[in-house]
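What follows is a single structure, and I will ask about it in a moment.
Naming follows writing order (A, B and C), and every chain is counted from residue 1.
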Amino acid sequence: MARIGVFICHCGENISATVDVAKVAEKAGKLSGVAFSVDYKYMCSDPGQTLIIEAIKEHKLTGIVVAACSPRMHEGTFRKAAEKAGINPYFCEMANIREHVSWVHPKSDATTQKALDIVRTMVAKVKKNAALFPIKVPVTKTALVIGGGIAGIQAALDIANAGHQVIMVEKKPSIGGHMSQLSETFPTLDCSQCIMTPRMVEVAQHPNITLHTYAEVESVSGFVGNFDVKIKMKAKSVDYKKCTGCGACWQKCPSKKIPDEFNEGMGFRTAIYSPFPQAVPNKPVIDRPNCTYFTKGGKCGLCKKVCPADAINYDAVDEFIDVKVGAIITATGFDLKHADFFPEYGYGKFKDVIDGMQFERLASASGPTAGEIRRPSDGKVPEKIVFVACAGSRDKAKGIEYCSKICCMYTAKHAMLYKHKNHEGKAYVFYMDIRAAGKDYDEFVRRAIEEDEVQYIRGRVSRIYEKNGKLIVKGVDTLMNGEPVDIEADMVVLATAVVANIEAESLAQKLHISYNKHKFFAEAHPKLKPVETNTAGIMLAGACQSAKDIPESVSQASASASKAIGLFSSNELTREPIVAVVNRQAPPNFTSCTGCLLCQEVCPYHAIETEDIKDRGGNLIKRAARVNAGLCQGCGTCVAMCRNKSIDLQGFSNDQMLSEVMALLNA
Amino acid sequence: MHESTHHHAETFKSKVEEAIGVTVSHCYQCGKCTAGCPLNEEMDIMPNQLLRILQAEMPGYEEKILSSLSIWLCLACDTCYSRCPQEVLLSKVMDYLRQESLRQNKVNPKAKDILSFHKAFLNSVKMNGKLHEVGLTIDYKLRSLNLMQDVMLAPSMAAKGKLAIFPHQVQNTKEIAKIFKKITDSEGGKQ
Amino acid sequence: MRIGYYPGCSLEGSSKEYNDSLFAVAEKCGVTLEVIKDWSCCGASAAHNLNHDLALALPARTLALAEKQGLEDIVVPCAACYSRIAGTKNEISNNIAVKAKIEGYIDLKLTADVKILTVFEFLQKYIFPTVDQHIVNKLNQKAACYYGCLYTRPKEIAAVEQIENPMEMDEVMAKAGATPIDWAFKTECCGAGLSVSRTDIVAKLSGKIIEDAADRGAESIVVACPMCHMNLDMRRPEIKKQLKKDINIPVLFITQALGLSMGIPADKLGLNKHYVPTDKVVNCIVKMEA
């Protein structure tokens, strides 16, 4: 026989000013099954909780209803109190008579009646409650880091230094990402390679980090603490166990005219190649579509002949490995729009209209011009150079409304680097606003303007065309009454928009994480959960979430690493038991589930698995659905789909919901 | 200074916006329109600044815009719109301002010839349903008093069979005149 | 398919040769054009400048007449007329209220689903399929194809694929055996409607266009619009004054150029009607070996 206690809270005057709480307590006391009923000023206060605990003990209550605020607020508080009094915490229910009643209605009899109705439904429900126990899931203390740019590197090192295992997957032959291509970095102008290379080497040598380059995530299943990941190891055609990185192969390779991605197409590489001298690992891969051996049916084979270590393996195939990880950090970075995105600037037709990353390579000591800024068309040092900020960013007409955030700063840097190398040269920057809000950032821009005499002109460029070896830049100075400004430049650098990695969408789908319309990955909350995703256990780091500079990418990487380390700080995770379950029956049926698996199709969290039901002799009786409690989020979609009511949601069962409804109807 | 934007009284700006469905605040004053405008060297107020003046609604702004020469120089070439990052249909704003300038009798004196030509053109269409180039020229000259302009061209054009001395007409010129009348009537004035 | 034809005022007057050459080319390929009966002026830039309703009503009347006549495609060789008619069609099909108002003005009903073809779309769609058998000459010259504003803007009604570097006319010229050049002023404005009232401005704008074509070695400038033709050809004395140099590159209508490659006599194409003599163009031509 149920003995229910009802506790009506005044919430100061929040509730009692509009609801006749004494009357609700009195009427509730008369409901069938209610053994005790009382109202009190602050139920959540210490004396309030003591009142509940004492009442449970004294009146031998089997369940309680606290009529107060939203369960989001204090369900935990009262469940703990119930537990202290010796009953299962899931025998505590809340009736929300504040947000749903007193805050939204005026003082009246009807208002009081509504409060009572809600209490009545919860009393009806709690009578049907069952004891539930938190779900424990084990944690695999290994993190997967996808992407080996500065963000991925930072996250991996932080987690590894905390003593946990890290698996890093990088799709290119080397880690380093965009930062390894940069010349010098704002706002301090320190050499990017110099600060980057030691970190890359540390990753390669760290005992807790397993590095897979030239690899991609193939599929991901499982849930927080327990992800199963399949990694595709693309065929490198080189046995890294044997290869010493001596370079004999790429020096001899006859296919030498392949546009070099690392130098943004402004130089050439061979078919067997390591992308840059400081690459980690500094071992080559064969770019098969460009290798004569692969395209001409076995002709060539020169690298195999010259390799002193016999490391070349033309027969290598893509391989797949399966790993178990507890947390995933996504650090896949960004892409840049290229000059061909701009019809009015020539559809990428003019060789000397380049993008910012190309400029970085020209300014870099390891770049195609050994750090001298020479224009691609004829190698001339430009006497007049024009930088165009916001090229494609903040441009609704081009489909990109957002600010790319980093280009104001790197444009100032570029203009400065140019002026440092060519004192006589003239540098112009067309801009709309200067966004330099970081630490020491505005000072940096002012230095470019004041000390290095870079001409900043506020206005967008309408058009660029080529004439007699010059680029005619048609701009405007909006700070001078809209005066048209035409500049005959030798070279133009477009600060093109930062966009999401082209594979971002497919990766997000593999990981079941959300992304915005521009395919940048979505954080769980823009302010309070900026590094988590909506999928527990998957975190974001760096420019894959939105355009970021290095300090921001590194900060976010360390933040997500700390989330992973936090997750790994215990051996088990505890979850609310509000999950779906497939019923169990006595033999010969075992369960009413017929294995139609409609539930599997509709479950948004991929939480429905199958289970083979066997008799004692091990013979298969049937295949039924089974809910993976680690994945289930308790949404109840499966319950609505099930045709024979074989699946039910714990804590919100069909039976409980029906009794709530009946309590209202039978008032 | 921005008081007038805060209440909902009808302002000149709101009239422009309503009439043509362009939201003036979309313009973020990048100046790309002006940078590419073929007439930027001739204009008294640059295209982006016309929009800025509308946005700011400073005292006397309506007068300033409606009596500007720029609105008459604009060729509706749409270079501005085709490159505007905010997709502001500036040529439509210009269209409207011209009509309004005419209606309010604010036409910039330097635009007299341009206006005369447009009027002469329309007059020719109204009378013939088609453009009659000789008629147009004569009419334009009378309106603009630029009697000698292009006189040297005329004989050679006629010789090359390019000028039809008698107008081609649509069969039903009354029908065209009716369209003109209906439209002018509906606007409660005459062109 | 019955192909309708809207000549527009200029093709009956100052640009008769454009009309004649278009018909000559069509005739050679056995394509017939049906003139829209009792068409009226599109209103050109004047209506556009002074009265928006009128700017819609005039082209709408023509559209309605074409529908009545049962035409599905109509060729509009003048860029200004094309722009007005395509713009009207666009506005009417996107706004029922405007459509109703305009129908009231013109006393005619409209569906606005006729297809409007530019001259180069027409050439590619109806002439290209059989043109090869008629081509007997190679124009053998560097040609600068000039598109101007009205085929390329606004983007909603642009008749070309790449608005900043259109190639459609270039393709026609390549067919005619010319070498279309890459130049910078393909889509710059020539001054259009200010031709008579502000000739000084037109001379300046058109001057820049001609100068760029000349600097890049063009031997002819090819247009598909009577207004562009007038400004680039007839305004040459003013342009000469403006540039302080005499550039005498002839300006051809695209139909004249194609006609020449088909062996149609120059006078039938109206080449004698131009201000800048066209003999240079004709002299470049070489006969193709059979």
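Everything below uses one rule, namely that a residue touches a chain if its C-beta (ideal position, glycine included) is under 8 Å from a C-beta of that chain, and two chains touch if they have at least 3 such contacts.
Quantities reported herein were computed from a predicted structural model and do not represent experimental measurements.
*Asks:* So what shape is it, when you link every pair of chains that touch: line, ring, star, complete or other?
*Replies:* Contact pattern: complete, every chain touching every other.
*Asks:* Please work out which of A-B and B-C is bridged by more C-beta pairs in contact, and write that pair.
*Replies:* B-C
*Asks:* If you average the CA atoms of subunit A and of subunit B, how far apart do the two points sit, in angstrom?
*Replies:* Here the centre of subunit B sits 53 Å away from the centre of subunit A.
*Asks:* Suppose each chain is reduced to the average of its Cα coordinates; what separation in Å results between subunit B and subunit C?
*Replies:* 23
*Asks:* Mark out which residues of subunit C touch at least two other chains, giving numbers and ranges.
*Replies:* 163
*Asks:* Give the residues of subunit B that touch two or more other chains, as numbers and ranges in rising order.
*Replies:* Expected reply: 79.
*Asks:* I need the residues of subunit A touching at least two other chains; which ones are they?
*Replies:* As it turns out, subunit A has residues touching two or more other chains at 344, 463.
*Asks:* Touching residues of subunit C toward subunit B in the complex: what are they?
*Replies:* Per the touch definition, subunit C meets subunit B at residues 9-10, 12-16, 38-41, 43-54, 57-58, 61, 104-107, 149, 152-155, 163, 188-189, 191-194, 196-199, 201, 205, 234, 272-273, 275.
*Asks:* In the complex formed with subunit B, which residues of subunit A make contact?
*Replies:* Result: residues 344, 390, 394-398, 432, 458-463, 474-478, 481-482, 484-485 of subunit A touch subunit B.
*Asks:* For the complex, give me every residue of subunit B touching subunit C.
*Replies:* The touching residues are 38-39, 42, 73, 75-79, 81-82, 89, 91, 95-96, 98-99, 102, 113-114, 116-119, 121-122, 125, 129-133, 137, 140, 144, 149-150, 153, 156-157, 160-164, 168, 170-172, 176, 178-180, 182-183, 186-187, 191.
*Asks:* Could you pull out which subunit B residues touch subunit A in their complex?
*Replies:* Per the touch definition, subunit B meets subunit A at residues 28-36, 40-41, 46-49, 79, 83-87.
*Asks:* Touching residues of subunit C toward subunit A in the complex: what are they?
*Replies:* 162-165, 184, 212, 215
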